[in-house]
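What follows is a group of structures, each given as structure tokens.
Each of the next two complexes has subunit A plus one more chain, namely subunit B in the first and subunit C in the second.
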Partner chain A sequence: MSANPAVSALESLRERLNRSASAIRPIDQTIGRCRVADRAFYVLGWLLLVLSLSVLALLMWNLASAGLSRINWQFLTSFPSRNAARAGILSPWVGSLLVMLVTASTAIPLGIGAGIFLEEYAKKNKFTTIIEVNIANLAGVPSIIYGLMALGLLVYTFELGQSILTGGITLGFLILPIVIVATREALRAIPQAIREAAYALGASRWQVIRQHLLPYSLGGISTGVIIALSRAIGETAPLITIGALTFIAYLPPAPFQERAWLFAENANIVIAADVPIESAPIDWDLSVSKSEDRPRVLPGSFSSGTILLQVRPREERDNPDAQRPVVERTVAIDLSPAGAESTLRGFAAALNSVEGVDAEIDVGWRLTLRSEDDQEFRFVRDPTGVLHALGIPPGGGRHGPLAWLNSGFTVLPIQMFNWVSRPGTDFMANAAAAGVILMIATLGMNAVAIVLRYRLRKRIKW
Partner chain B sequence: MSATVPETRADDSGDLKGSPLVRRPLPAFRVSRPTDRIVEVLLLFSAIFGVFITTGIVFVLVKDSIPFFREVSLVEFFTSRYWTPLFADPKYGIMPLVTGTLMTTTIALVVAMPIGTALAIWLSEFAPANVRELVKPVLELLSAVPTVVYGYFAIGFVAPLFQKIIPGLPTFNMLTAGVVMGFMIIPYVSSLSEDAMRAVPMLLREGSYGMGANRLTTALRVVFPAAFSGIAAAYTLAISRAVGETMIVAIAAGQQPLLTFDPRDQAATITAYIVQVALGDLPHGEIGYQSIFAAGLTLFVMTMCFNLLGIALKRRFREAY
Partner chain C sequence: MILEPRSTSRANNAATLIEPRPGAVSGIALAPVGTGSMAQADPYADTRIKAEVRELSFFYGGSVQAVKDVNLKVPENAVTALIGPSGCGKTTLLRCFNRMHDLYPGNRYQGSIILNPHDGRGVDIVDRATSALEMRMRISMVFQKPNPFPKSIFENVAYGLRLRGLRNGQELRDRVEYALRGAAIWDEVKDRLQKPGYALSGGQQQRLCIARALAVDPEIILFDEPTSALDPIATGRIEELVHELKSRVTILIVTHNMQQAARVSDFTAFMYLAELVEVDKTDRIFQNPANTLTEQYISGRFG
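Coming up: the complex of A and B.
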């Protein structure tokens, strides 16, 4: 029986079937495993999302817990100071605001103009391709490179100085690609029928753009502009590169402000610089601030008075263990243009009386100032600050309406960087507070942009 | 017929002799034509302005590096292992700065690429539509935070945290800077990759589902390869961002140009060096000062390479539907 070939064939068939049945079962398992993998990835996605957002939340909590208590009226209305508790962000936030003003007026017209040209005028040819590739490329250039470009071109070639104008234009160039892309996208979203209808009524190309396309795309464009400006307000590196100051205790002149006014009103006029004294064994920080019994300076006329000179080893700033004291000297100053040189000599004498410093007025003052009557003063690197501090008038009278463009400046992120990079923990609360304000500005602008975009998407249905 | 044409101005009657339907264009149109020309020229100018900026960048970087390279040979620049332009015995080897830059970038990418890609896949293929609409802009806030704030976070929170985990870790180290930078560039990876994956036609997904594939397999084996050109573009953008990032590394990675591959060490990057010199008081025209332009040129060439690589990848893997 068992030798029956039919039976053995049946046996082997059953065996094969059994085997394939056992081969089928793993497919069930495979499906099960796939379901598990799907579920697992779904959960993983949530976890990664929570992780990323918790980093954001941690960062904000970290900033707020250290900085919120520091934000008060005094903080917003005081100049930076060596005393952490007295320091404030008046000059940084004014600087940020003014730089943004220049940035916006550079990037908005150029960006929207370029966007309109590329979307509405440009024909498909090599020339257009070059422009488009170039803009895509610019978007990938690191911000610090823009700073180097501005340093070489705007500061030294066009001699715009390390001013608000230079800073604003630099950031304007930086955000130009963002504005262009936003403009193009907004224009592209408008259906062709709108253009055709307008042309059919006899409108010229510019009339179509001005009366139809621009109004319809305004929402999208302004969203892009706001996002771009929010990026610019947090930019630090390019402004440091062009030589924006890190410690500034005066405000840019208001339009038509009387020139002497700044000197008379600011209690802490400070020449912000690491004054290079070449013969000194170490670098020193020099700050010049007016003493409490400051002279009353009448508008347009210049009197004499005293200045409190604080000299501090730079080494102390970089190394918390070095406890060299701040040395204070009172220097008599003559605020007339003719007296400036003797004032500088007074500075040098005061510096020389500090142990370890060997200053000579003609050695190491790197920047040459020229007053109206062609007198030369060699001094530190910030001409505007020096002019303000010494009250050397390039001429009497009032500032022009745009004099603030040429003023030296600092911005919020630079001030924050300055405070973060100081040793010790004194200034960390200040840095956090500046960070909170910076975050409110950036995130606020982003929120406005998000809401604007959401609203627009809901309202316009072509 | 002519009776139905509305009466035009009396002095037009002469022109209407031929056909009553032909009218001269209204004066307003004639006035607008010169405006049109002027506007077009102005718009053309603003479009070309971008080219001026690029030219300016290349011009400045090359022009201001020339005096540097007159004194420093290219061989020394690329082979010397020390970068000490401000020392009494200056050495000009860019390698320590380049390795610092590449190390921090690599650490950032190790953080950002997996998280960003997974988030992109999740957002595009798994997340409910309303969650996606809400999450995307919120996630993008990660890259909207000013980098100096990230620097503060790195030095004030992350570095102490890592010091607890890794004993002997110095305050300034590449690991902290790289990880924080990684979180900053997550949105660059996730948002652009997600856009690319959502652009993949539904048909491909349906085909995959029809073959019995599950979501994850479809996402990884079908959607991801199909969207790879866009994802590669996202990666290269993230890389250029990380290479060019300045404030986080300037604050958290230290200022010492060391040729090291240990992420626990401190090391200066190209950008950190430029900031360091710009903050100091070197006079214009000294070699130490010119060195920042040479460093900037190196940085520019590096990012340019990554950008071109991105364009090449995009072309190579482009799938047209």
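Coming up: the complex of A and C.
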């Protein structure tokens, strides 16, 4: 074997290399250069990190110094109000939470399912390549476009209303591409050898996915999902496009909540009603005050009397100096089942006599109740709901478990926007406080994502 | 599933009775090139054939032919080694046996691999109508690089059994232990069965993978260069193990290490450029190969 040509060629090559001087840099020099570059990168990296963190800190500080004093229990448990000090973020944060719930339950199964399908089932051909590219592109589409799409499709075509359901699905669409991409990346990170190990034991494709791929990629997937949700929670544009409200003072009905009459205790009057749906086609606020007789009505019993109906221009609500007059009408109300119709007619007639108000019975309107000590009770109500409440008891007597899906809503960033755009500085503190809450929610979600990733990754090594 | 080693003597008797025509499928790819002495004894004379590859061709993505008209008998309770230069199609042929190629689109088999050709219930492994899942449950595989699941040692071995519907309980524990003992790793892991599988050394991981393959009591175990990622000592242990296992199971092992083939196998098949050049008893292949290509490869002149 000494005449092996490969061996002799190797030897002659080595000889030739040894004869001439080498251009290879000595090792210590090489290391020296690397060290300088290393050092420079290290310093630069720190600088950039400190810079970006301090911008973030400044932002937080700004928000916190303006809003922290407003954050207290009252702020979290009160509805928005005309009075800045009494206003709170109950309906916005509940709205944000419920919308996120819907978003998560649409985007997670759809996104993970699509990701699995594309990565593990779909054949790799032109068609799937086109789909792939387009999913990546969808992630870059401006969010307002999603809002327009949802307005046309969900609100008008499927008639889902300007509801929590519509809002949640819209944001679900918005983050779907992110979830799909995250799922695919996480699946791709699993070595092929692991799949083969399971297949080689006779596992079916679904078993491999269910018992191996999903558990191993859970860290990556849930990180992606949470990041996507924390993007969705700050979105305003698509929600405003579909008609989310900017000011609401009620909560969506809880599952199985009793369809009771709303009973405003200190107003000594029962106003109604059932599912509060605000669609506000009129630019007037209605305020109902008690007049001489003060009917006190407990749930389940009926009474009658007269109330003073005040109709005020909307602009006056936001601007106390507005000059349009408040129109007042006295309406007789009969809160017995038999009197429901006539009460409703009376309402409608009284309203219709005000210029600019169109009080169709089947149109929703807003009602404000003012008690003698000038406290306000705002209800948004649906005249058909009034019919229910005043007349025939609604069927079943309770809301369905998913009635909240059909409720109108607002979310934290919209409420912030609403407050920021008000004249004067009173509401600025409220906006900042809501901003702090929003930041806490977002950062909290990201922290959960980091912890999840870290903990789940630690359990898995390839 | 039987836990006792399969009786080789019974199998051998049966084989001599059932297989009356020695060397029935030879003469296609095995045509001798150098010597003219074809009057050799049938190497499978006193064995029973576990699987028989007939005119098998395999195409990647519909066009690249990686296996060409291969005929090969895999005797039961024996070790058959596949040797040949890199890229000659050993892995491809091996993965036909448990239909791993089905996992990727466009791959195509042609010809057949008959499992248990002589017991009257033979199935064609690569037939579309044959369930790939069933074949994989009956024919286990150990891969080139150890690939334990990111689960505990116990769960790694239990997985195949769970796929068969075995629930937690004494039997599962017993079978896991049996497999781990069979893979000669029990003493090393018995105190840390709940520790993750990847915490073991490379050699231990590979024996864990063998235990995982063994646990389901397969009829054949396919080894694809199982020691190429391991150090010599771990390699020695795996080789010993393969040698021990053949009393229980039929073994088909790919190796590009000829010493390894010589040490562990009873039969050796030499592949070259997607074709099977020669197959015979291992000592004959290494001492007196019929084909000059084989001779050149074995003496290290190429490959």
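Keep in mind that, in the parts below, the second predicted complex is superposed on the first by the 268 of 462 C-alpha atoms of A that agree within 3 Å, B and C clash if a C-alpha of one lies under 4 Å from a C-alpha of the other, contacts with A are read in each partner's own complex, and residues count from 1 in each chain.
In this text, a residue touches a chain if its C-beta (ideal position, glycine included) is under 8 Å from a C-beta of that chain, and two chains touch if they have at least 3 such contacts.
Bear in mind that the values here come from a model prediction, so they are computed numbers and not experimental data.
**Student:** Determine, under the contact definition given at the top, whether A:F173 touches first (subunit B), second (subunit C), both, or neither.
**Tutor:** first
**Student:** Does subunit B (first) or subunit C (second) touch A:K124, or do both, or does neither?
**Tutor:** second
**Student:** Please indicate which partner A:S421 is in contact with in the superposed arrangement: first for subunit B, second for subunit C, both, or neither.
**Tutor:** first
**Student:** If you stack the two complexes on chain A, which partner ends up touching A:P191: first (subunit B), second (subunit C), both, or neither?
**Tutor:** The second partner, subunit C, only.
**Student:** Look at A:N134 in the shared chain and tell me whether it touches subunit B only, subunit C only, both, or neither; answer first, second, both or neither.
**Tutor:** So A:N134 only meets subunit B here.
**Student:** Check the contacts made with subunit A and report whether subunit B or subunit C touches more of its residues.
**Tutor:** B
**Student:** A:G202 contacts which: subunit B (first), subunit C (second), both, neither?
**Tutor:** After superposing on A, A:G202 lies in contact with both subunit B and subunit C.
**Student:** Share the list of subunit A residues that count as touching for subunit B in one structure and for subunit C in the other.
**Tutor:** 202, 204, 207
**Student:** Using the touch rule from the top, collect the residues of subunit C that touch subunit A in their complex.
**Tutor:** Contact set of subunit C toward subunit A: 98, 100, 103, 105, 133-137, 140-141, 143, 145, 147-150, 159-160, 163, 196, 198, 209, 212-213, 216, 300.
**Student:** What part of subunit A is in contact with subunit B in the complex they form?
**Tutor:** 31, 34-35, 37-38, 41-42, 44-46, 48-49, 51-53, 55-56, 58-59, 62-63, 66, 109-114, 116-118, 121-122, 130-131, 134-135, 137-138, 140-149, 151-153, 156, 173, 176-177, 180, 202, 204-207, 227, 230-231, 233-237, 240-243, 246, 273-274, 276, 283, 366, 381, 413, 416-417, 420-421, 428, 431-432, 435, 438-439, 442-443, 446, 450
**Student:** Can you check the complex and tell me which residues of subunit A touch subunit C?
**Tutor:** Those in contact with subunit C are residues 1, 123-124, 191, 193-204, 207, 211-212, 216, 459-462.
**Student:** In the complex of these two chains, what residues of subunit B are touching subunit A?
**Tutor:** For this pair, the touching residues of subunit B are 25-26, 29, 32-33, 35-36, 39-40, 42-51, 53-54, 56-57, 59-61, 63-64, 115, 118-119, 121-123, 126-127, 135, 137-142, 144-153, 155-157, 183, 186, 214-217, 219, 237, 240, 243-247, 250-251, 271, 274-275, 278-281, 283-284, 292-293, 296, 299-300, 303-304, 306-307, 310.
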